[in-house]
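Per-chain numbering from 1; labels A, B, C and D assigned in written order.
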Amino acid sequence: MHTDVMGYDPLAERLTALRRELHRYPEPAWYEYRTTCRVIRELQQQGIPVLYGRALHCPKAMYGLPDDHGEALQRAREEGCDEKLLAQLTGGYTGCVAVIRGDQPGKTVAVRVDLDCNRLAESGDEAHRPVREGFASHHEGCMHGCGHDGHTAIGVCLAESLWARRGELRGQVKIIFQPAEEGAGGAASMTAAGVLDGVDIFLGMHIGLGLEPVGTIAASAYGFLASTKMDVTFHGRGAHAGLCPEEGRNALAAAATAVTNLLAISRSGQGASRVNVGSLVSVAGRNVIPSEARMGVETRGETETINAYMESSALRVCEAAAAMYGCTVEHRIMGRAGSADCSSALAKRVCEFLGRQPGVIEVVPAFHFRASEDVTTMMRRVQEQGGQATELMLGSAIAAPHHSERFDFDEAVMPLAVRTLTQLILTLVE
Amino acid sequence: MHTDVMGYDPLAERLTALRRELHRYPEPAWYEYRTTCRVIRELQQQGIPVLYGRALHCPKAMYGLPDDHGEALQRAREEGCDEKLLAQLTGGYTGCVAVIRGDQPGKTVAVRVDLDCNRLAESGDEAHRPVREGFASHHEGCMHGCGHDGHTAIGVCLAESLWARRGELRGQVKIIFQPAEEGAGGAASMTAAGVLDGVDIFLGMHIGLGLEPVGTIAASAYGFLASTKMDVTFHGRGAHAGLCPEEGRNALAAAATAVTNLLAISRSGQGASRVNVGSLVSVAGRNVIPSEARMGVETRGETETINAYMESSALRVCEAAAAMYGCTVEHRIMGRAGSADCSSALAKRVCEFLGRQPGVIEVVPAFHFRASEDVTTMMRRVQEQGGQATELMLGSAIAAPHHSERFDFDEAVMPLAVRTLTQLILTLVE
Amino acid sequence: MHTDVMGYDPLAERLTALRRELHRYPEPAWYEYRTTCRVIRELQQQGIPVLYGRALHCPKAMYGLPDDHGEALQRAREEGCDEKLLAQLTGGYTGCVAVIRGDQPGKTVAVRVDLDCNRLAESGDEAHRPVREGFASHHEGCMHGCGHDGHTAIGVCLAESLWARRGELRGQVKIIFQPAEEGAGGAASMTAAGVLDGVDIFLGMHIGLGLEPVGTIAASAYGFLASTKMDVTFHGRGAHAGLCPEEGRNALAAAATAVTNLLAISRSGQGASRVNVGSLVSVAGRNVIPSEARMGVETRGETETINAYMESSALRVCEAAAAMYGCTVEHRIMGRAGSADCSSALAKRVCEFLGRQPGVIEVVPAFHFRASEDVTTMMRRVQEQGGQATELMLGSAIAAPHHSERFDFDEAVMPLAVRTLTQLILTLVE
Amino acid sequence: MHTDVMGYDPLAERLTALRRELHRYPEPAWYEYRTTCRVIRELQQQGIPVLYGRALHCPKAMYGLPDDHGEALQRAREEGCDEKLLAQLTGGYTGCVAVIRGDQPGKTVAVRVDLDCNRLAESGDEAHRPVREGFASHHEGCMHGCGHDGHTAIGVCLAESLWARRGELRGQVKIIFQPAEEGAGGAASMTAAGVLDGVDIFLGMHIGLGLEPVGTIAASAYGFLASTKMDVTFHGRGAHAGLCPEEGRNALAAAATAVTNLLAISRSGQGASRVNVGSLVSVAGRNVIPSEARMGVETRGETETINAYMESSALRVCEAAAAMYGCTVEHRIMGRAGSADCSSALAKRVCEFLGRQPGVIEVVPAFHFRASEDVTTMMRRVQEQGGQATELMLGSAIAAPHHSERFDFDEAVMPLAVRTLTQLILTLVE
């Protein structure tokens, strides 16, 4: 029993408080300055060793890294982050790794959680719990709409829990707090920097995604969609829209026709495919033919072949849309995630373990993921080295779909995750 | 002869310096804080009476007034504007009126110049004279791409010139420095506030527009396009673009299909029509179905009937595009300009006068305007009161079309304009 | 007085009967077999010399000539046309020229009327007079929707009227019955074949077009739109739409995006422009990705420069649309019409003449045409030779716009046209 | 051994000859007059009882039945069909059922083959075997592009083979020759008419679909896509495209924007979805705004829920596209196919049987179908009655994808199918 006679569970309280604080201050990919500082401070207060800074990243693999960090840093500063710590993170070198060494030699287990939020405006509706209970986003246009706030809170408390039981632990555990999952570059950068080197057993995790209620846990996942993120910019020529519109090269018209025809790329008979234009920005006066338009685009595929088909089709559509309006176009790949398979032996072992755990009401051997996750990059790195990897799916009822403005989840998933993972890791390293 | 033995013309020097300074600090509609302060200071230094502030405007007719003025004011402050003066302009109450009373009673002549710039990024190419000669825009995304910098400089020097000769002047001359021409609301606001009341003779002016070289002047214009400016916002619903795209209501897809189909609104057999989407902004993460998209739209027509056809068609297209993607849409009219005709008797008189002026090499009786100008609002108000109005077109070779990123004009038009208008006004009030 | 005591006017009766018969059997461009036979028979019955057959055409200039004539000929045969006569017309060598030589030497006057109908399904509504009074089209998908039935009837009766008064006539009159006006190739073919050679005075004519009521006549027209007609074919690759849609190259998708973006070609600030896709045919099974799509396209411009801009933009859009869907595209120019100006001296003379004619209630010196007419090809040929040309506009109330399914006109225009033109020609050759 | 010493296999010869003859005379859905006559004649020549005519159909369920049968019947007549037989089929009452009763009582087994072709123009390339070997389609715009010619030939020879061995047969076998599979109405009509009543074991079959080479057979299939077929017609208003385009209501523009936006309907995260516009026909003159456009549309979904989402989205897009251009739209459902599951016990039994058959080189337990088939309607009917059903997939290398203009298959699949199915049926009824 984790609760006292009054039904009070201190771990649950702590997780909820931490998650809600993180929910209030969401930070998008590569801007997780406050979040990283917060995690480091929590861990260091317990005496847990933490790695952070440039050594955790490989600049060439920091896909989607924005150019300007001034504003994000300034905000983190105003929100109370330590100036010295920030200096080491500046430039997008966010995220950290907690390292808990057991008293006895043994295997290396890595657990990965992600830190970043979505570029999404949170609902202001009273019916939305974060609004009603006062923990809605304070950062305009940013929202934890995918549960990474919960993942981070779980990561912190899992580190603390393992630290407390390090006497029982063989080998070592790395809790990897990864930035930039939504931008698809964080895992590539950390992996290229060697963060996964030497890992024997890798555990990813995700809450929700349709699995519910709390107590339902999947031991592995399949159907990760391979994905490509890109920025596309159309260049045209401005002109007076009344006097001589025919002199213009309408970059917005090119982009608009690209949007519609990107969505119209033929589905593949080989499996699931996706394409999305998440943003389009073209700004000129109402009486000026717009000379530039920028789009954020993403393609996905059930296999890397399907994603390659979607990516090349998307580029063809953009080229043709530009040509249609006498414009030019350039694109920049901002991230790529592959597909991956969970290690079946590990999944089986986890499955059997879960079947015996208190609080676990149903164990799903393999969950159909249906989305992209750059955790696949880490999983494949571990497997290439001869290690084993799986992605745990933690059931939790959600208030609205992931990445939607009313997303919220059942916080009871968090203490169950911390307790189950602690026990699982102690078991796996035996 | 205006030049000394060395070919030096002090008026031309002064106009060029002033115009280039204004070109460096362009301000868009309703944000002309620095420009207004600069004009007021110049005029007051000469002792010329100037009216400014809330009395010149009618809040209900300030179409397209932006909500937020903080940043624009802050910039003006940083650029050295007087705090007290700014306080009186705050909220978009920009523009001013110089009043030059002659020593003898007589008619009231009004001359109108416009102050605002375009929301357009200026070319950074060395071949562009403002870059080469160091007077390109310091304000990102803003550019004097229609010659209003020249108009303002002409207005200031014309006021000074008439002030110097006020002993010869009958009646009074008002030089109206109007804000927000590009946004179509400045003329409506000043007219509704009574700025044109009591005006007997009204002179508008525009440089360039295809009339060239300097020395060619049109005594009147026809073919002003009626125009409607509107903001259109699509509201949808966000969703995870990989996991459950079908849960979204794609506001960007709706906006994109609206853009293409707006441009495809059928031409009218009754005369010229125009439609432009000057801006589209929709921002979500690459993996989020965008839930909102905002567009700046403008329609025009050779007659008000044609513009009404374009406006209603545009609204129908937007409604249908929203419905197509399960979204909703709302629009807000941000400005309207009508058509108008120059007073033929005045045009004829001006035509004859111009034929006798030094420096004028060709007089065009009536120029085909082919664009919109809210000067029509002022012209119609003067004509309703029994006054006469015309729009002078001042020929000037241009480097690139109006509203394009390389627009520039032959500055020799400015001293010719000041000299010719001074003489014209003194003649008209005789 | 043309009517007898009972109000009966035999010329009006004859014109109405003839026009209504022609209305019943409309034939589109290059298929005017029955119409031509009918005209030849009428003229020959009066003894009027008629030229017809291959000599009137230049095969290289028969733009838009269809490949297959079998069905059209068969229909003409079934409708009673003389086999021998048909043999001479076979292959699209339709149209004819009546030649009326006066008893005295003099100038050559040419009058041109057009024979072809529109590919347009006529309304079946009882409120539509041709339905109510039993002369609606018997040819499915074909309709005299532009008044050429009236033109043809006027041409026949004008020939008869001049023939009857040939004793008073100096020189000669050619009444040119031209095929394929709507397809834009008939005038080019006849002109290239020399039909206009030696013509001193050329009179085109058109009824309706917004000029009304009967009795209003314009002595000339301006604002003919230059125009290009083209056939565009997209080639893709079929595939099973369920099993492997990504294997297809969707020619219909390419054509559809071309349609929308063709309509979206920017208007020109230089003057009126037009673009239309009159037909799109792509036929595959519902479960097959369509591998071919054919479109009939037309562009127009107030000047030939504007039309050239529209034509090249249209080709660029089609190329890009094909590339967007991995298809190829080919186009074939099916006709071109230029712009032209009426001869001012002739127009003035006609204007003065009309002012004195009975039944003419208003004379308009110059009518704004706002459409395309390949009569311009003939006009320019005559002017090149030193002759004079004008296009007469014959006012007539219309029931619905030209080229719409309920088009009909006030038949009273026909006898007025025959009488006025007879007199005009006799006067012009004096 | 089925071949003699010279390698000659008479069954293979007969199948190839029959299949190639059918390939030469392909007939689309509901027009299978010649094909049905041919099948009936073959069967009756052997003395096999055959049912045909109105009793096999339910008029209300004949989805997609065309209105006009005159031309199809005339062609069948010209190709030598018996007039009396045709009279019984007239109106689309095509297809037939061979009934082979065994000498001993027992179960009823049904085998279904489909007769219709695709509306697809066959390649004329010499590299395409049907061209090279002289059996390409004689029917313009029609092609057996899905192997139904092979299915029909197999059905005929299977009937003959079972008839020859009816002494060994318990119960009875019905070979159902179904029309209109591609149009999705044939199975519904025959099922509603009771053709499947009393069937204990149902066997569907399909060749190719990516399964290869000959000798590979799947005992069952899954992943049938639910599907809806519909005809959509846009109604607008014609107008002269030069003179007054704004008077038109452009039905083709509405249809074109519908096409693009139909293809852009969001993919579903729940599973595979499809949408196709197989045809678009809009015909007016190049200078006429088209007043009507007709489209053939199909949606599919991995589940009936997904297809319902696609169907309702498609209707919404069409409604909105019509509204966008001031048009109206109507739609007519032309067919629906559901999803279905093969009976696992039967599939298992078939699987085991196949493993022992000569010529079978690999047995696939369950094949991923990835397309739609109205065989699902029959399967569900049999299962509702307590019977068992499965769909056999017969491996065969194909020259190009199904429904493409170069489709062809390895004919060696046919004798293997006849021999294996004969044996399977004799075994199943034991």
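Heads up, the rule we're going with is that a contact is a pair of C-beta atoms (placed from the backbone, for glycine too) under 8 Å apart; a residue touches a chain by one contact, two chains touch by 3 or more.
All values derive from a computational prediction rather than experimental measurement.
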| item | value |
| --- | --- |
| Longest centre-to-centre distance from subunit B, chain (CA-based) | D |
| Which of A-D and A-B has more C-beta pairs touching across its chains | A-B |
| Subunit B and subunit D: spacing of chain centres that average the CA atoms, whole Å | 66 |
| Separation of subunit A from subunit B, taking each centre as the mean of its C-alpha atoms, in whole Å | 47 |
| Numbers and ranges of subunit A residues touching at least 2 other chains | 240, 242-245, 247-248, 250, 253, 257, 260-261, 263-264, 266-267, 269, 274, 289, 370-371 |
| Interfacial residue positions of subunit C with respect to subunit D in the complex | 28, 118-121, 141, 145-146, 182-183, 209-210, 225, 227, 229, 237-245, 247-248, 250, 252-253, 255-257, 259-260, 263, 274, 276-293, 296-298, 300, 334, 370-372, 401-405 |
| Interface residues, subunit C side, partner subunit A - complex | 240, 242-248, 250, 253, 257, 260-261, 264, 266-270, 289, 309, 316-317, 319-321, 323-324, 326 |
| Sites on subunit A touched by subunit D in the complex | 260-261, 263-264, 266-267, 269, 271-274, 370-371 |
